[in-house]
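First chain written, first letter: the chains are A, B, C, D and E, and each begins at residue 1.
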Amino acid sequence: MSFIYDFSSATQAIDQWLKANLSPTGAFVAELALVGLTILLAYAVIGLYLVYAERKVCAFMQNRVGPNRVGKWGLLQTMADLIKLLMKELIPIRKSDKLLFNVAPYLVIIASFLGIAAIPFAKGLHAIDFNIGVFYIMAVSSIGVIGILLAGWSSNSKYSLIGAMRSGAQVVSYELSVGLALLSVVIFSGSMQLSTIVESQANGWWILKGHLPAMISFVIFLIASTAEINRGPFDLAEAESELTAGFHTEYSGIRFAFFFLAEYMNMFIVAAMAATVFLGGWMPFHLGNLEAFNRVMDFIPPVVWFFGKTIFIIYLIMWFKWTFPRLRIDQLLTLEWKYLLPLNLLNTVVIAFLVLMGWYFK
Amino acid sequence: MSSESLILFFIVGVILVGGAVLFSTFIAPSSKNPVKFEPYECGIATSGNAWIQFNVGYYLFAIIYLIFDVETVFLFPWGVVMKEVGLQAFVEILIFFSVLGLGLLYAWKKGALKWV
Amino acid sequence: MEKDQLTEFFRNRFPDAVIEQGNQYLTIKTDAAAMHPIAAVLKSDKELQFDYLFNLTGIDWSDRFSVVYHLESTVFGHEVVLKADILNREKPSVATVSDLWRTAEFHEREVYDLLGIEFVDHPDLRRLFLEDGAGFPLRKDFKDEINLIER
Amino acid sequence: MNGIVQYFTDIFKAVRSLWKGMRVTGSYFVRPGEIVTQQYPENRKELQMFDRFKGEVIMIHDEENFHRCNACGICQMNCPNGSIEIISEMVPNEEGKPERTIDKHIYHLSMCTFCGLCVKSCPSNALAFGQGFEHAVFDRHKLTKVLNQPGSRIKKKPKAPKPAAGTEKPNSANS
Amino acid sequence: MKEVELNEIIASKEDGKYIINIGPQHPSTHGVLRFVVSLKGETLEYLIPHCGYIHRGIEKMCENLTYPQIIHLTDRMDYLSAHMNNEAVSLCVENALGIEVPERVKVIRTILSELQRIASHQLWWAAFGMDIGGLTCFFYGLRDREKVLDIFEESFGSRLLHSFICPGGLMQDIHPDFQKRVKEFIAYFRKKLPEYDQLLTGNVIFEQRTKGLGILTKAEAIDYGVTGPSGRASGFSCDIRKKHPYSAYDRVEFREILANEGDTYSRYKVRIEEMWESMNIIEQLIDQIPEGSFTAPMKAIIKVPEGEYTQRVETARGELAVYLVSTGDKNPYRMRFRTPNFSNLFVMNHLSAGAKIADLIAISGSLDLVIPDIDR
């Protein structure tokens, strides 16, 4: 049944149609333009609506209504904000390092673009399917921190610099836990290719097939990735009650908007990764041999499955942020080095043992 | 699409940011008030430079991180082949992890995992 | 100690000071020069132990200044008011009590700021609220034509 | 060994305490009925201030445009900030005697601290607190108001004994 | 001293240090307070509190105002304890005049003070939660505070600065619905207060952030004159309500909340416990409001006989002492307010030395500073 929602034939058809009607170079350029536009559109829409979702979620948690004036239920609020930020003055800070100051937003945005390229939204809806997908995501996600460091350092503000320093220490540390948590699924599935990992979950998600160790991995991944994208309760780089706005204190107008947008896109990438690796990506929920149940599940399109899972994880991350107080920098590092990392190493050994003995649902 | 198209994503990112910044410079107002260009320090004129030698607490963390990050790089290929190689890989990783774990324990006991 | 006992005690201990049974608190009146030794006794004497300075006020009496210390003992619960009169109006000064009660450090800074009474040996006698050259607004002869409207 | 057990119980306790907090926020998330926000400009019609709300000082005028202010100046004297100025004039009354009459009761809303001393001390209960709270204007001068309405006159009341100071007196704000 | 000069002095004295101004325009200084902070990495070396940005000279203004007019100024010192401030001046004048206010007034004043204390602690909890990074706390705290403010607004017409207690009694009688509304609020808040605990008190992150941080010993608390919940968290038994009962505090049963640790966490706990205790006090009194006049007979112009008068009152943040010097005129000759926050502020340097920036915010939050109270 699942083939009905297969996008690979559709994309191939477009590809062939372009190649047949245009010269090879023309087809290539057209393809690039098509993909670029699609990604740009998706990026903008996802980013803006994540901001909106966050506002609504936190508002409901805080007994408020949230944005509800612009458009129906305030749906256009973030659009209005974007337009407002576009019309805001870009203030050049005196004595700042002009070049780096201007380059920093590019870096954070490009990092998130590169990240989103490797995410399989559905079968065939996959910009680039690397054979080292997991590894690639880890690699590009650490480009963003360079942007943050540059932003903090170049603005010649003390608050920014402290924020950037914190962010550096934090991302550097939590990178490990993210990697080790992802490794557990790599061991289970025996592949780093995201499409293969998703395929391997056709009969059940890894979080369920891998027993408790996989769940621990999932939780560690959630915590560590929340820290890596600088979100509360790990938002020390911004820490508005301490550093006013942390690394982007000096940024104004649309440049600030890009940091803001990148934060939300990183959240999306992280949530999408968690959904892909642990929760089966666009795979429907299947229960053993219950044919009827599985059939019904198959009718829900994979895109819906994928976004459903991603939104669920995004909601979790928002829930964390709007409940917990912020950690202090030394506690943050203690949590990583004294709790998450040893647990993670132990967990990896256990998983390796499970795989060795074959004690998991294949 | 192949991995060369990463260039595409790079370009799209640059276009998005560059275009928006360019657009913004055209439509946004600009003021000449010099106070506006001061770096923020709670409304007080800044004293001294922000770029001075700064005591970064994570120097030691960075070194430990290096060790562990290289380790992760090694672990991924191992993870991929773990299923096929079987027991041998498991024993090897046990040894590998025990060395690493000892290293972490050493750093822990030495107080390197303490933010100063 | 009760009020009467305290009065007796002070009469014997500080013969030069004027001890008054005020309407609320027992009051020790002294001049600025003799204030600090008395304060030191009040703080350190085993039977007095006035360890909590809850108020420090400077008053401008037009012809003189006085600094009023409200003291309480957290051990015994008795209270006393110590008043030091500063007769020199041109350059008023009195010894600091911030070596006895830390809280006095900032109360004295405030009095210095608003009344211009100098506290000798104060560790950090800077203005607290106002800028230099703002005058001493709590003095009765303070004039500020711009901001102060007399009614 | 004890240390290791402690290590894991710590983790367990930590997770439990975090879950407690998440339950609070989560439960509010699914109960939108508890939302306390008011939609201000929309609910202007239903928005009812409390009777005693101190929005601004007003002078009570009845339907025939009579007020009770006899320009005695007590409110001006009692105001701590000088936000009341009384300009009175001598107008001959029916018997031909000149009588002090209010010309302009000027009220500077921008200086008022709503302490209520003017309303409380007014011997003829001419002043009261109004309910209006939307005082935002673009020009500061608009906050200076003349409380007696144009063309209004003092309402002569039958001679009654002046209430003794300090005794209970019905407050015009809540009457 | 001018700002820049001070910075230069610090910079020249300590070479290569990171000098940062936290405030006056900072989200966590709760007003226009400024800390000049010297940093080494993230660690604080020393801190200089800087105040005076909103100094209004209330003590000077009092010298030109009559006693009823002074009341509205005291609102504006510690605006979160407006009732207690009003009460302090009123009690001082009443003592000076030798007036006995009606029983009804005493009871109402006590209830109002306790309601105000709850409202103040609610706002403190909200702001403290926000300082420490839990933004949701702010909204829950303000949501519940709103209920108290509604009660205030119904009776006195204003929410924050009431000017309701005046020498001789009250400005007007309480609203007929007052008792009902207060009872409703107590019932409501008894349900909501445990939520505060679930959200913050037991939270592992919160405990890590606050326990053992900014320790103030009992001796230091007395020495620095730190009073109120902050002082009581160090074991300094400084509750004026117990020591020198005024209004109706001598007839209610309540505990003086004391803790011994003196750290940020115990300052937090003391305030939370005080909210419970305040509710107990209100519940004891709310049905016992005697009938009668809401004011004692007062002359139109109050002239305090010559002399010096002191009145100490427990506000939500500590001890407020009013020292009134009168020459028999209708204006005071000298009016002195010993405000709790003034003494509480200057312990900051002592508490935060060696802590981190984040701790600085937590400590200053736990002291519950209200800046206008410092800059009278």
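Descriptive notes on the structure:
Keep this in mind: a residue touches a chain if its C-beta (ideal position, glycine included) is under 8 Å from a C-beta of that chain, and two chains touch if they have at least 3 such contacts.
Every value quoted in this text rests on a predicted model; they were computed, and no experiment measured them.
Contact count check for A-B and B-E (C-beta pairs in contact): higher for A-B. Ranked by how far their CA centres sit from the centre of chain C, the chains are topped by A.
Of all chains, the one whose mean C-alpha position sits at the greatest distance from that of chain D is B.
Annotation: 24 Å between the Cα-based centres of chain D and chain E.
Computed from the mean C-alpha positions, the centre of chain B lies at a distance of 56 Å from the centre of chain D.
One finds 52 Å separating the Cα centroids of chain A and chain D. We define each chain's centre as the mean of its Cα atoms; on that basis chain A and chain E are separated by 45 Å. Within chain D, residues 18, 21, 24-25, 36 each touch two or more of the remaining chains.
Residue numbers of chain A whose C-beta contacts span two or more other chains: 61-64, 158-159, 244, 322-324, 329-330.
The multi-chain contact residues of chain B, meaning those touching 2 or more other chains, are 41-42, 54, 56-57, 115. In this structure, the chains touch in the following pairs: A-B, A-D, A-E, B-E, C-E, D-E. Across the complex, chain B meets chain E through its residues 41-45, 47-48, 52-57, 115-116. If you check the complex, the residues on chain B that touch chain A are 1-3, 5-6, 8-14, 16-18, 20-21, 23-25, 27-31, 34, 36-42, 46, 49-51, 54, 56-58, 61-62, 64-65, 68-69, 72, 75-76, 79-84, 86-87, 89-90, 93-94, 97, 100-101, 104, 108, 113-115. Those residues of chain C whose C-beta lies close enough to touch chain E in the complex are 22-25, 51-57, 59-60, 68, 70, 74, 77, 81, 101-103, 105-107, 110, 114, 126-132, 137-138, 148, 150-151. Interface residues of chain D, counted against chain E in their complex, comprise 13-14, 17-18, 20-21, 23-25, 36, 50, 52-54, 78, 80, 113-117, 120-121, 129, 165-168, 171, 173-174.
On the chain D side of its complex with chain A, the touching residues are 11, 18, 21-22, 24-26, 28-29, 32, 34-37, 39.
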